[in-house]
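In what follows, chain A forms one complex with chain B and a second complex with chain C.
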Partner chain A sequence: MAFPRNEIDELKQSFKQLSAVTEGGTEFILIPSLMLPEGCEPQQADVLLCPTPRDGYVSRLFLSAKVVHKGPGQNWNASGVRICNRAWWAVSWNAIQPNAQPPAQRLAAILAQHLEAFRCKRN
Partner chain B sequence: MTKDTLLVLCVDYDSVSDHHYVRDDSVGVRIGSEAITAAMSRSASRGVGQVHVHSHGGRGLPHPSTDDYRELPPLAYSLRNVDAKQAHGWAILSNDSAAPFINRPGSGDDVARLPVSIVGYPTTISQRARHDRGVIRSFLQRAVGQHVDRYARQSFLGPDSDRILSHAEIGVVGLGGGGSHVTQQLAHLGVATFVLCDQDRITETNLNRTVAATGVDVLFSRYKTDIAKRVIRRLNPTARIVNHRARWETATEELMRCDLIVGCLDTFAARRDLEAFCRRQLIPYVDVGMDVQETRDRYEIIGQVILSMPGRPCMRCMGFLNDRVLAEEARLYGTAGGRPQVVWSNGILCSAAVGLVVDLLTGWSKSGRECAYLNFRGSDLSLTEDPRLEYILDNKCSHYPLIEAGDPMLIAL
Partner chain C sequence: MANKIEVFVHTNGEAKTITIEDQETIEQLLKQAAPDRHAELELFVEEEHHERNRRLCDVGIRNRHHVHCRPPEHGKKVEISINGKPYRTHTGDNSVEHLRKLGGIPATDILSQLKDRKFVDLDNDAHVKVHGHEVFVSHPPSAGSS
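Up next, the complex of A and B:
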């Protein structure tokens, strides 16, 4: 796997069970039962992080279910897509810009920015 | 393959040395104890499963002899005693088929005979339960007047071609301008088992190219799969059809059973996902697509027919799919509207696709073709092989290595 060890270690501080899986030459990180931001229903979902470009996005976060939430990411433009023998859902969300510099491109930062799509902003 | 399916990838071959055979008056020669000891030693030292194979020659499904049934299961049990975590077994080969008896790793199950499909040129379709229904179907076919004479003019496809085509299970994903041609032709050829997937209903704008669709279908807003099913049924009332009026992603259990899948999809992303599914299930995939592009002073119809075989170059290897086209397609998402389509170019492309399917199943042309990338150009009605193909033809696919077939391998980080 091509993921930097230090970035994996950083991610593992929050998520103990990380797995890597490959399909079609693309490497994904699978995080089971990730706790989604408050207000999401269901509250937990397996997520598949694709830290490399896919579907025109610099990175993508796929969820194992279409969660109901009040965050800004309401455009579900991947519904039930088949990746690694499972159905996945994803919202249209540009987590990082193509020209982003470290540490914004670290795996933990990419994941955190994707989860912002589901976080309800309180005024 | 389902979660309960055992996938055994045979990656190496060790021959039995001549001096490990011993003379046996009843069968000529048989492998001796030294060969069995050597095999057990291999499993112990390498931690691998082993399948003992020998050939009976000939064609078709080979049948083990009484000697095979007596001698070979104990050999498999000996190997299992060395390493029960691996799949062990034995198989009888013919020149174009096999009868494997494999023990499920970690279980005390007896060695069981498995159905087998040989993915390659030609593809040998699996022997399944539907064979057993052949007598009933034959009776029904005669009852409705579907005689063997129907296929007399295509007998050049091979003496066994009727049986091969009638037993093949073909998935067709997308039943619009492309898929309607494909299903119609396959039904004419004698294919009798289909998995049809499309979520769309027919509309007025589809009638310029969807074969056999009518104004009445539009009036009743019929599903495209229903129209394709009707076409097949009128040719073959006994055909077995899974009519899936939804996205293919929700019909994976049915598609897993297919011997071959033809995709007539609209987007690059959809093609990528369906090819990935087929690769994981070790199913040959034929992709058909067309588009109309506007040049400076005129229009040009372009299209492609691709044969993507497990282990062989994929659509990324061929350069048909890449990050640039996928990103561009995503950027234009929702803005393109209905793409131009015409019936004759779909017909040419789909006829070529059906030709690939029939050749792969019957091997009639002896082309040995396990990989194809044909480009269509509408202005001169040409269908030519993509020039990139000859440079990658012998390459193994790096995007979908065979070792990644089956359930995904999760690597703990």
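Up next, the complex of A and C:
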């Protein structure tokens, strides 16, 4: 696995079934049954994290379903795209500014940033 | 000169506001905060333990300060992970403020606990029950939708 071992281990403490999958030379992290932020329907989904640049984004998070939610990420710009023989959906979301020098982010931090797209903002 | 101060005393996840003179001792504060079990509690200010006979004003407890009480056995140190690095902290209630200090998390970053296949964002004034091996992750706020 090309991802740092300690970062995978950190995620594995909560997501025991995660695995790395590769397609077209790109490595993804497949996480089954991730619990989505409160208010999402369905409440959980399989997700595919691409922590490297893709589609003009610094990183991307694909979900196994088009989730209904009240978070700020409402622009679904990937619908049913096929990766590793499955259909995936993704919202347009910049975990960090595209032009900014990306700080060295841990995989767990990148994943958490993408999930903000689906989180209702508190008052 | 004695001043009346308000102290927020956190015990077992609950906060109690105690009005007391700053010349009083920690013993007196504990008695007011937990009349039935004050003898079994110890007091911590920003995770530093203070003896019961010390005066509040001498240990830096001022108006509207937050302090924590817990039994000594809850102070057992265990390992947790913050951004992949191991840290040691006491079992039982840990303030998010303490966890942020421990991991050197900037105030602008979001701190989450990774628990049961979920990221749980932690409010700055919240407390987390620590048993050992908890995983915390921080990140700057996202840039957002494009």
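Structural remarks
Convention: the second predicted complex is superposed on the first by the 115 of 123 C-alpha atoms of A that agree within 3 Å, B and C clash if a C-alpha of one lies under 4 Å from a C-alpha of the other, contacts with A are read in each partner's own complex, and residues count from 1 in each chain.
Here, a residue touches a chain if its C-beta (ideal position, glycine included) is under 8 Å from a C-beta of that chain, and two chains touch if they have at least 3 such contacts.
Values in this document were obtained by computation on a predicted structure and should not be read as measured data.
Look at chain A after the overlay: chain B and chain C fit there side by side. When the two complexes are superposed, the chain touching more residues of chain A, out of chain B and chain C, is C.
In the superposition on chain A, contact of A:54 is made with chain B only, not with chain C.
Residue contacts after overlaying the shared chain place A:8 against chain B, while chain C stays out of touching range.
When the two structures are aligned on the shared chain, A:108 is found in touch with chain C, with no touch to chain B. Touch criterion met: A:73 reaches chain C, while chain B stays clear of it.
In the superposition on chain A, contact of A:87 is made with chain B only, not with chain C. Look at A:22: by the touch rule set out above, it reaches chain B but stays clear of chain C. Once both structures are overlaid on their shared chain A, chain B and chain C have a minimum Cα-Cα separation of 9 Å. 11 are the residues of chain A that lie in the contact sets of both chain B and chain C, per the superposition on chain A. On chain C, the positions that touch chain A within their shared complex are 81, 83-84, 110, 112, 114-119, 121, 133, 135, 137-146. On chain B, the positions that touch chain A within their shared complex are 247, 249-250, 252, 269, 272-273, 275-277, 279-280, 314, 316, 323, 326-331, 333, 398-400, 404, 407-413.
Interface of chain A with chain C (complex): residues 6-7, 10-11, 13-15, 33-35, 37, 44, 72-75, 91-98, 100, 103, 105-106, 108-117, 119. Within the complex formed with chain B, the residues of chain A that make contact are 1, 3, 8, 11-12, 17-25, 29-30, 53-57, 77, 80-85, 87.
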